[in-house]
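Supplied in structure tokens, the structure appears directly below.
For clarity, chains are labelled A, B, C and D in written order, and residue numbers in each chain start from 1.
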Amino acid sequence: MARVGVFVCFCGANIADFVDVPAVVEEAKKIKGVKYAIDYKYMCSDPGQGMIRDAIVAHRLTSIVVAACSPRMHEKTFRKALSDAGMNPYLLEVANIREHSSWVHQKDKKAATEKSSDLVRMAVAKSIANEQLHEISVPVTKRALVIGGGIAGIQAALDIADARIPVVLVEKSPSIGGKMAQLDETFPTLDCSQCILTPKMVDVASHPYIELLPYSEVIELDGYVGNYKVKIKRKASYVNFDTCTGCGACVQKCPVKVPNEFNMGIDKRKAIYSPFPQAVPNKPVIDAEHCTMLLKGKCGICAKVCEKGSIDYTMQDEIIEREIGAVVVATGYDLWDPKPYEEYGVGRYKDIINSLEFERMVSASGPTGGVPVRPSDGKIPKSVVFIQCVGSRDEAKGIEYCSKICCMYTAKHTLLLHHKVHDSHAYVFYMDIRAAGKGYEEFVKRSQVETGATYLRGRVSKIYQKGEKLMVRGEDAQIGQVVEVEADLVVLATAIYPYKDNPELARLLGISYDKYGFLSEAHPKLRPVETAKAGIFLAGCTQAPKDIPDTVAQASATAAKVCGLFAGDTLLKDPMVSKVNTEYCTGCQNCVTVCPYQAIVTEEIPMGHGSKEIRIVAKINEGVCQGCGSCVAICRSMAIDLAGFTDMQIINEIVSI
Amino acid sequence: METEVKEKIVSIEKPHLEAPPDWQPVIMGILCNWCSYAGSDLTGTSRLQYPPNIRIIRVPCSSRVDPWFIIKSLQTSADGVLISGCHPGDCHYISGNYYARRRFLVTKKLLNLVGFHEDRVQFSWVSAAEGPKFAKVVTKVTEDIKKLGPLHLYKKENI
Amino acid sequence: MDYTKQIQDIAGRLFSEEKIDLFIGYRNTGFDENQVPVLIKHYKDVDQLLFTDKSVFNLANYLKYEHTRNKRVGLVVKGCDSRALNLMLTENQVKRENLYIVGIACEGVVDETGEKAQNCVECVMPDAVIYDEILGTPSGKRDYQVNADIRELDGKSLTERQEYFEEVFESCIRCNACRHSCPLCYCAKCCIDQETATLFQGANTTSSAFHALMTWSLHLAGRCVDCRNCEKACPSHLPLHLLHKQNEKVIYENFQEHLAGMIQDDRGAFYKYSLSDPDDFIM
Amino acid sequence: MTKLTYFPGCSAHGTSEEFDSTLKLVMKSLDVEMEELPDWNCCGATSAHVMTENLALALPLRNLVLAEKLSNKTMGIACASCYSRMKSTKVEMDNHPELAKRINSTIIEEGEYQGSVDVKSMLQFFYEDIGIEAIAEKVTYPLKGLKIACYYGCLLTRPKNITQFDSPEYPMSMDYIVEALGATATPFDFKTECCGASFSISDTEVVLSLSGTILEMAKESGAHLIAVACPLCQSNLDMRQPDIEKKTGKKYDLPVLYITQLMALAFGYPLKELRPSKHIVPIEQALSHIGEEVETPERKKNPKKAVEAEREVE
């Protein structure tokens, strides 16, 4: 027999002024099952909670109703009061008579009082059906997966590993380093990218807590926060990394030449290659698409010259499985393809390049030995036009958003150009200079003063060839005239675009992405590094365009999140999750399709008691279930119910008035 | 015109007994925890007034609402039902309100077929920031139901 | 339409090849020209089988019962029956490998008056959509048409509809024959009989009938294939199809022309959604 | 036998008769039956829509409605300006039914607009409905050796959302046709640049400078002549050429021929059929290049072979 205690709060004047609280108490006393009802000035205060605790003991109450402010406000407080009195905290129900009554019916005290009584009645009815619930504790596998070996992935991996948490770092290309490894110098300090990055790369390789899986891709992830299982495909490198010494003899002798991705195809690499001199791991891989041996079955020079005999043409892709507790996604970005800008003659003129190509040219270790040259004739350009916002901030031909870093690196490029080719002159077509960041504005100023670059505010409308030169025609909005600039080289600041495989990756991870393919954070302001799926975090340009400092900061933030997640041996979880009554379950599995979290699996149970025949029924994975109740509402046989919001509780509420 | 039609319906839809002069409708409000319930709290904190006829039930998500609850409400206590959830795309549980939306439409139409006025069961998307909207919605629903008069159809006490 | 011979041959063949343990078909009632379902267990009985335009019942219904479970069953399905079967397969109620399905390219069956039955006149898919072999020449999918009675009801005023259905619910005796005759009502324990539901309602009242039938039809919304087994089973001859047809109409018109069980692994309309679903009825 | 409704527009019966006549020849050899739109009216060109939008829509709409009375599915339009007006009217009408109703009401005695007839420029018709291969087949006198700069002007491919044909900035359809005729299309950046047509009377200076650069660049590209598909382009580039030469002091002598004239020639019609007399800049000299040896332009890489192509073995 239920023994409900009702505690009605004055909330100072907030409730008392517009609701006849004593009347509500009197009404409450009449409700079937209510053993004790009382009011007090501030139920949430210590004495107020004290009253609850004492009453629970004194009147052997089986459930508690507090009529006060919104449960979103003080539910936790009162639950604590219950557990302090040795009662299961989930036997509490809150009747929201402040937000839902006293504050919204201030002109009609009678009606407000009646309504409050009804709300109490409903709460009592519900509380009678309440069950004892216990927080679910989920075990945690204390190992993190980091997807992407760019600066974001590297930073996240190192920070997590430094907390003595094992990390699996997966990188799709043969070496970690990402886009940052391709850069020459970095704004606003102009320190050389390689010099600050490569030490970190080496740390990754040598860190006892990091398992580096280069030339690999994540192909499957199941499980839930703290208990993920990941399948990783390790692509065949045809080189045995254990025995290979990285001497590079094979690379020298390889007769096949193909465009070098790392250098944006400006020069050629071999079919067996390691992307760049400081690569980590510094072992070559064979590019199966181009290797004569693998294509035609003859050649095999690399195998001949390899003293260690590390070359193995029969190597196959292997699938690696790991158990992990959390995931950091750091897949970075691609450059947007400026094909739609036909008026620029993109693709028709060799001497129009994108900024990353320029970056490679001016890089000391780059294909042109650090001097920018015209791809068409190899001459050193004297007049260079930089065009900003190619794709960015252009709804018509490109994308709406601002790529954030172009203003800065273009300023950097003008400086680098000035340093490498002293008698050169830079023209910059821009829309706005966006230099928000520590030392950024100063840097732009500096570059303008040092290089004397001509900044033209306006869009470029056409580029055409005139003799050797490229004629760049655009508007100079400040003088309101069309200007034509004679250029030897044109550099397009093409937009940052999400890594092309993001949507596919997002699908297999079960997280969401926006219309461009950037992975979506859980909350734009308050949860910028989490995804909607617990235990999966985002770092770097995979979430939005970012510069290096922001990327590193976000990467470290994800590390902090992961460490927090792994702080205890188990995760505590709200017990308001679905449960299956296998007796009624028909195994139609509609709930499986409806569940947004893949929290419902199937299990086989005996047909009847002691029976040999088996049948399939639904099984809730409490760790994953978020308690939305979608499955409950669609379950025709009412075999699923949601703890805390059971059919019985809700129907009780409905019929109580 | 609209009202005329309603008058007609009112007069017939309560064949059993006339509404007492001081009659006040009971409206069952089922709100999702993350958007609409929060929104209704905001209505309170910003002291926006609305008619006191609604009785609010909190559910985690509009997708928790089994059409059965609606039928039950109409069969037992309520003269009208209002169900409110997160705007499409804002569902705290990713897709809950999309499933709910389908069930709501079908339920509404089915009830209408068997003789319930469309306004008896209403739905709304109210976000956590839309305190004023919640007040507006409740006021509208209450007025609609008042026009329709008390619902005796299939109520147990009439059998 | 008469496939008696072929079906007898097929059943015979299946028994002789020991492909099946039992065969579900139709036979004569013995006292009038109507037919009843029959479960054939032995080769010798196959000559009882027949199939004409009086073979009205949906035999898929018998797959939900104990005595067919985990047996190798051969059965005859018309277009509508096969759609129900499709859903039962999708919802894991039967195992495909246990079935030998004799599909019929149906030309429509007759109702008690001897006229072509309404659901056959309005049938969207007369041919079996899933089968091991099919009898007759498939005529393909037809255009969806709104049920005549629903169209008529739409014309009526709210009040007329309300009075009409009040009578319908009043005449229901809560015998649950509709439920038992429906191949898609296979729940171990129907929600209507569960404590939560029964707790607050009188036994056989208009109110409880309203509650029961509404819930029932909503559980079949987006799943009902309009075989009208329920209606044939109803002792009070309630126009149960009205509820289903209304739901079917709303779903077809609003949710990408969804029709239940047309393709395999296509679940009911309530177990999926589209971003473009109508939203205008929501404030 | 393809059938086509033919909308000549004012210039085809005036300044650009040679376009009209050669077009008919070409269509004959491509066995397309052209049926001139009976009782067609002015498209309104640029003047109408500076007056009122209604007029600018009503005038073309009448033609569209008339065209729907004929059995043909497509209306081919000679003049680029007429084409632009018709097509944009069609798009407007198809996308805004209530607007369509309103405008239609002003010319209702001509009939109800159905939107059943498709509107195409002659270039578009050649490229899409006839096809490059079909054109190449008809060639009996290949224009080998002839270097041609194809000039599309502003309206044939723009605005993209109206024309829905070829690339708005760097179209190639005419170039392909020219190649099909055996000639060489030169890489020409100014193929869609403005020639200043609308100023040809009001502010000639503008025309001189704008058309000037076009000729300049065409010459740069090494072309012997310019191919056009629009009477206004033709008249501007051809008629103004002497003045431009006077202004810039350069000698271009770049004859400006209609694509149809070149096709007619390649299809084996005698030179006189091209009506050389109609041209300000004499065309014979340029045409004399036919038969000269030219370095064959590099073929496009077969994408399938791309991997192979970028892969080189020492």
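One rule holds in what follows: a residue touches a chain if its C-beta (ideal position, glycine included) is under 8 Å from a C-beta of that chain, and two chains touch if they have at least 3 such contacts.
Computed from a predicted model, the values in this text were never measured in an experiment.
A comparison of the A-B and A-D interfaces places the larger number of contacting C-beta pairs at A-B.
Centre-to-centre, using mean CA coordinates, chain A is 38 Å away from chain B.
Put simply, the C-alpha centre of chain B and that of chain D have 64 angstrom between them. Between chain A and chain D, the centres computed from C-alpha atoms are 52 Å apart. Those residues of chain D in touch with two or more other chains do not exist in this structure. Residue numbers of chain B whose C-beta contacts span two or more other chains: 72, 76, 95, 99, 103. For chain A, residues that reach two or more other chains under the stated contact definition are 594, 634, 647, 651, 655. Pairs of chains meeting the touch criterion are A-B, A-C, A-D, B-C. Within the complex formed with chain C, the chain B residues making contact are 8-9, 12-13, 67-68, 71-72, 75-76, 88, 95, 98-99, 101-117, 122-125, 137, 140, 153-156, 159. Touching chain B in their complex are the following residues of chain C: 150, 153, 158-159, 161-166, 169, 191, 197, 200-202, 205-207, 210-211, 214-215, 217-218, 221-222, 242-243, 246-247, 250-251, 254-255, 269-271, 273-275, 277-279, 281-283. Here chain C touches chain A in the complex through residues 69-70, 91-93, 186-191, 194-197, 199-200, 219, 267-268, 270-272, going by the rule given at the top.
Residue ranges on chain D touching chain A, taken from their complex, read 167-170, 187, 189-190, 193, 217, 220, 307, 310-314.
Within the complex formed with chain D, the chain A residues making contact are 255-259, 268, 271, 289-290, 292, 342-343, 345, 348, 462, 464-467.
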